[in-house]
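Note that chain A is present in both complexes that follow, paired respectively with chain B and with chain C.
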Partner chain A sequence: MVDLLMEWGGTLIVFFAAAIAVVFPGFGSARGVGLVGQAAAGLISEDPSKFSKVLILQALPGTQGLYGFLTTILLLNKTGILSGDMAPIDLSMGLKYLFAVLPITVVGYFSAVIQAKTSAAGVAIVTKQPEDSTKAIIFAAMVETYAVISLLSSLLMIFSIE
Partner chain B sequence: MAKLKMSRIEILSSISDGQSIVNIIQRAGVVELMKTETEGLSYLDTSVTTSQFDKYLAVAQDANKALAKYSNTKQSVTAMLNGRTELTVAEFLKRTAEADLVLTVCFEINKKIKKIEDNAAETIRCHTSYDQIKPWLQCDIPTSCTRIGKQFVFVGVFPKEYDREGILVELAKIAPRAAAVDAEVINSDKSITRAVIISHSCCAAEVESALRSLGFTRPSDPTKHPPEIRAKRLLDRIVQLEQENAEYTEEIKALAQRREEIKFLLDYLNIRKEKYKAIEKLGMTSNVIVITGYAAYKDALRLKKQIEREYPVEFSIIEPDRDEDVPVKLENKRFFSPAENLVGMYSAPTGGDLDPTAFTALFYYFFFGAMLSDAGYGLIMVIAISIILKKFKIEHKLRESLKMFFWCGVSTVIWGALYGSWFGDIINVVRESFFGLPPVRLYLWVDPLNDLLGVMVCCFGFGLVHLFAGYAIKGYMLLKSKDIFGAFAETIPVYVLVLGAAPIFCGLFIEVPEFFKNISPYAIAVGAILVIATGGRESKTIVGKIGSGLYALYNVLAGFLGDILSYSRLLALGLSTGVIASVINMMGVMVDNVVARIILLSVVFVLGHGANLLINLIGAYVHALRLQFVEFFPKFYEGGGRFLKPLEIKTQFFKFKEEVLNG
Partner chain C sequence: MNELQYAFAVARIRYNEMKLLKDKDFEQLISASDIDEALGKLGETGYQATQYGDLKDVFNKEAMKAWSLLLEIAPDKSLLDVFGVLNAFHNLKSALKSRVSGSDNGPYYLLPSCVEISLIDEAVGKNDFSILPEYMCQVAQISYRIMTENADGQLGEAYIDKAALDIFKKFAEKTDCPEVIRVANFKCAAADIKIAYRGCLTGKNKEFYDASLCPCEQFDITLLASAALEGKEELLDYLKTTSYKDAAGLLAGDFVAFEKWCDDSVMDIIRTAKAEPFGFAPLAAYWIAKETELKNVRMIMSAKQNGFSEDSIFERMRKLYV
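Then we have the complex of A and B:
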């Protein structure tokens, strides 16, 4: 049992890391996109012509899910799982990969939800001041910075593991 | 690359020429009129007229909408892209002559629409009434009937299910002495029984009170005739209403060819409304009219020539005072001008600001490309936009936006080639999975996945250039206003400090030559001293100077670090396009059979890259904008001005040939 764990534990942890990196940011993005969509639907029921503007607002919290996906792909690629020539991964290395995906996993989830709230509030700007809708987009994009930073941190960590 | 020089214009003319001169100004579309409130001048109140125009506009708009709805002519994308129809002035004048007639057509259409709506409402009412009468159809006497000869008749409903026996039994229980009673059930279900009760007049009162205690009620809307007749009348009415509506619809459809004229009317009314709104701003005495406004100097000169040629006027072009709230107008070379929209989204420049359009354009194109970073996607943008711009006569803002995305596309192609991303790694995927060939090198500069840190440091480098450019513009502006020390203080200390810190910062990520690492501390020291020495130059006391100097140092360090890190998004978004594109390609070749693989790859390729392009377009658009608004502009740009809003011919559907000449 211990032998098995020593031999395969690392690989399992890498799979676990790959899974959470896509699950949590993806979940956050889904929640976020849904939240903005509800706010946007209210506006569109009154004024369908603003569709393109609110669509951008809705799409903004969707990127975290992509960042999580990107992390997972690069992780699977780095460990050779994707290409099929997977070398055995020992336990400590597996744990390193797990920690490496934490930034985007955690920040990805929360930043998506928070960004969605900002975006949903931005829908009000589009409603009342359509010509200032870019400002609503910028407000929401401010939140995303931290998802970008955590994505880069995760990637740097993954690629620094020898 | 510039804000145009603005001037105030003042035109004095005789009242009789006023109208024509305002027409010329409106057609030129370069003057923002202004109300001066000068003593001794009187001003017209045209609010009644403009509200009248508003009313007519509403009528024409309703008619236009109705025609669109009933004639089923959806506006095609081609028509939308093609913009407004051109009219010569002669055609315009000819059409204005018919405006009143077209307006009556609009009224007529609206009247028909109103009737159609009324009829539709009545149809619904008829249906409701019919539904109410339907259960009574078997009843062959009027439901309002109370007596037939000596018999008392009760038509109504019980709130319970009964059959004839049931009713008679219940009645016998409550009113045992009322013998001469009969009942007929029209219909019944679980909660309701419709019935007719007949009793002899001798026991009518008893029966009635018995019925009441059983919860019997008469129908709320009793009929004078047997229900059948009312039902027939309702059905006939419904048919008639539908017929009428079909007729009205046909009549409206027959008017569909007048849609163009109605569109013209809309434009015409708008032009007149704008003009009358403008007339409010004109001052006048009994003989003279005074037109004041702002215009770009060169436009003012041209307008002066044009008006003076035709009318005896006093046209003066005045340099505005410093404290005047002068609107701005931007003019840029064609390569840069699309970014005027971006600047406008932030804020118009004020008097002291430099027009940031050219810088914004350059950096925007550059950063957009770095973030979309796939040559294939860039090619799609470039080709699609070229075709659209060539084939359609797109106007104004949309045209400018498309031009902006064209240049962004060019930049994307360049970046994609540098990073070696052509629809991801499609070339190598096809080589490998269809021909068994080894992958080839696609990138011209670097494959970002192989040198994450190197590319990231480069991105920080681009950010440094962007930010330094911001400081440089600020310095240039101060230099222009003869504040040489200010210009020095705003640029050199920051440059020295940041460049001094750069080797240490970069050393965290990549190898930096020893030489730079060695001089770094000295440069930092010199830079820091310079920043402290100059940062407090506006404070009066020594303590204040040092205090604000230290604060400036903190600001530069913290601010710069945050700003620079922000540029890491160039790498992150660039990576995400390329990697996801490669994943799409990989999914396309997941089956073994060659034919199936070709089919799968084609489908996955089109759908996958389409979606990836859309998502990353939004990302690149937003984040390139953010780098301008949040990182770049605060370094030098005040904003808060306003753009010139000229009195012009604001039309939706038609334009004049003249306008084409003007630009």
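Then we have the complex of A and C:
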């Protein structure tokens, strides 16, 4: 059992890392897009002409889910799981991959939710001053910076693992 | 309730806030030369009134339109009871007074009411107060007894008013919204000051103050009652020692100015909701803003009908939310 774990434990951890890298940011994005969608629906039910402006705000928290998915794809590719030439990964290597996905997993989730709150607040700007809707988008996009930083961190770590 | 569930409701409220009358709309109404011109200008803002006599119905319709919007969008409709509870107690008081006095005019009811008017009518008509909500049942029984057995209508009314404020504060706490809780506490304190001031001018006794003053956080009501029993100067001196020293200054001059100060203070409290993207506060603020708008329009129209000057109208104008 111990031998089996030593031989395949790392691989299992890589699968776990790949899963959480897509699950948490994806969950955060789903929550975020849903939240802004509620606010957008509130506005559109009163003034349908503002649909295109709020659609951008709604899409913004969705990017974290894509970053998580991208991280998972690259992790699976790097470890040979995706290409089919998978070799057993030892435990320490598996743990390295797990830590490598943590930035996008954690920051991805929280930044999606926080960005959604900013975007939903931006819906009020679109409602009252539609000419300033770009400012609402910029406010929400500022949060994106940290999601991008966490994505790059995760990718750098994944590719630096030898 | 998770405040994020208010995203849809708040977005709709923000849109409807834009339909509230603004300073320039009120300036136009005030600048009208007579009531007919004012009615014409009011019509341009969306209020559909062709003659002065129609205004009461138009105001009721406007209020109920705003109320229906809140009922439609609020994730937890029970929280809105906080804005219908004072009217519900007013309606109870009105029904009891009408029954006890046997007046032909019938009770004067206010809407929105968190207790159905038909239920209040039935309870008072059948003298069966048990069908009323728990928080109102005992109050109705006791005040009815005071009105009939003691033949003291004013004391009975005071008892209902005190209970109304107490329940209002409890409902406000249920909303878990700091702005609404602060508004409830402020309104309670302001009502106590008004009762003490009027009681002091009309020489009310201690029993009256005990029955009417609702405990509040801002000051000690026993000290307020003692000061009111001693006289107007003592009452104002006592208020100067509390956080309501501004009120003392206004009461020393003009009671109308004090009432304006009360409404403006409520608006100052709720104004913070303008920057809140979620939660119950924007809904509460919209309702208070609509009530203030109606109060201002009512006051302007009444002033125009009675030929008041523009300056006197401006003096009485309440602060707006938008």
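In this text, the second predicted complex is superposed on the first by the 162 of 162 C-alpha atoms of A that agree within 3 Å, B and C clash if a C-alpha of one lies under 4 Å from a C-alpha of the other, contacts with A are read in each partner's own complex, and residues count from 1 in each chain.
We adopt the following convention: a residue touches a chain if its C-beta (ideal position, glycine included) is under 8 Å from a C-beta of that chain, and two chains touch if they have at least 3 such contacts.
Keep in mind that this is a model prediction, so the values were computed, not measured.
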{"item": "Contacts of A:6 with chain B and chain C, given as first, second, both or neither", "value": "neither"}
{"item": "Touched partner set for A:86, first chain B, second chain C, both or neither", "value": "neither"}
{"item": "First (chain B), second (chain C), both or neither touched by A:123", "value": "second"}
{"item": "Comparison of chain B and chain C by chain A residues contacted", "value": "B"}
{"item": "Touching partner for A:137 - first (chain B), second (chain C), both, neither", "value": "first"}
{"item": "Contacts of A:41 with chain B and chain C, given as first, second, both or neither", "value": "second"}
{"item": "Chain C residues within the chain A interface of the complex", "value": "4-5, 7-12, 14-18, 73, 277-278"}
{"item": "Touching residues (chain side chain B, partner chain A) in the complex", "value": "345, 449, 452-453, 456, 565-566, 568-569, 571-573, 575-576, 579-580, 583, 615, 618-619, 621-623, 625-626, 629-630"}
{"item": "Sites on chain A touched by chain C in the complex", "value": "35-36, 38-43, 45-47, 117, 120-121, 123-124, 127-128"}
{"item": "Chain B partner contacts - residues on chain A that touch it in the complex", "value": "56, 59-60, 62-63, 66-67, 69-70, 73-74, 134-135, 137-138, 141-142, 144-145, 148-149, 151-152, 155-156, 159"}
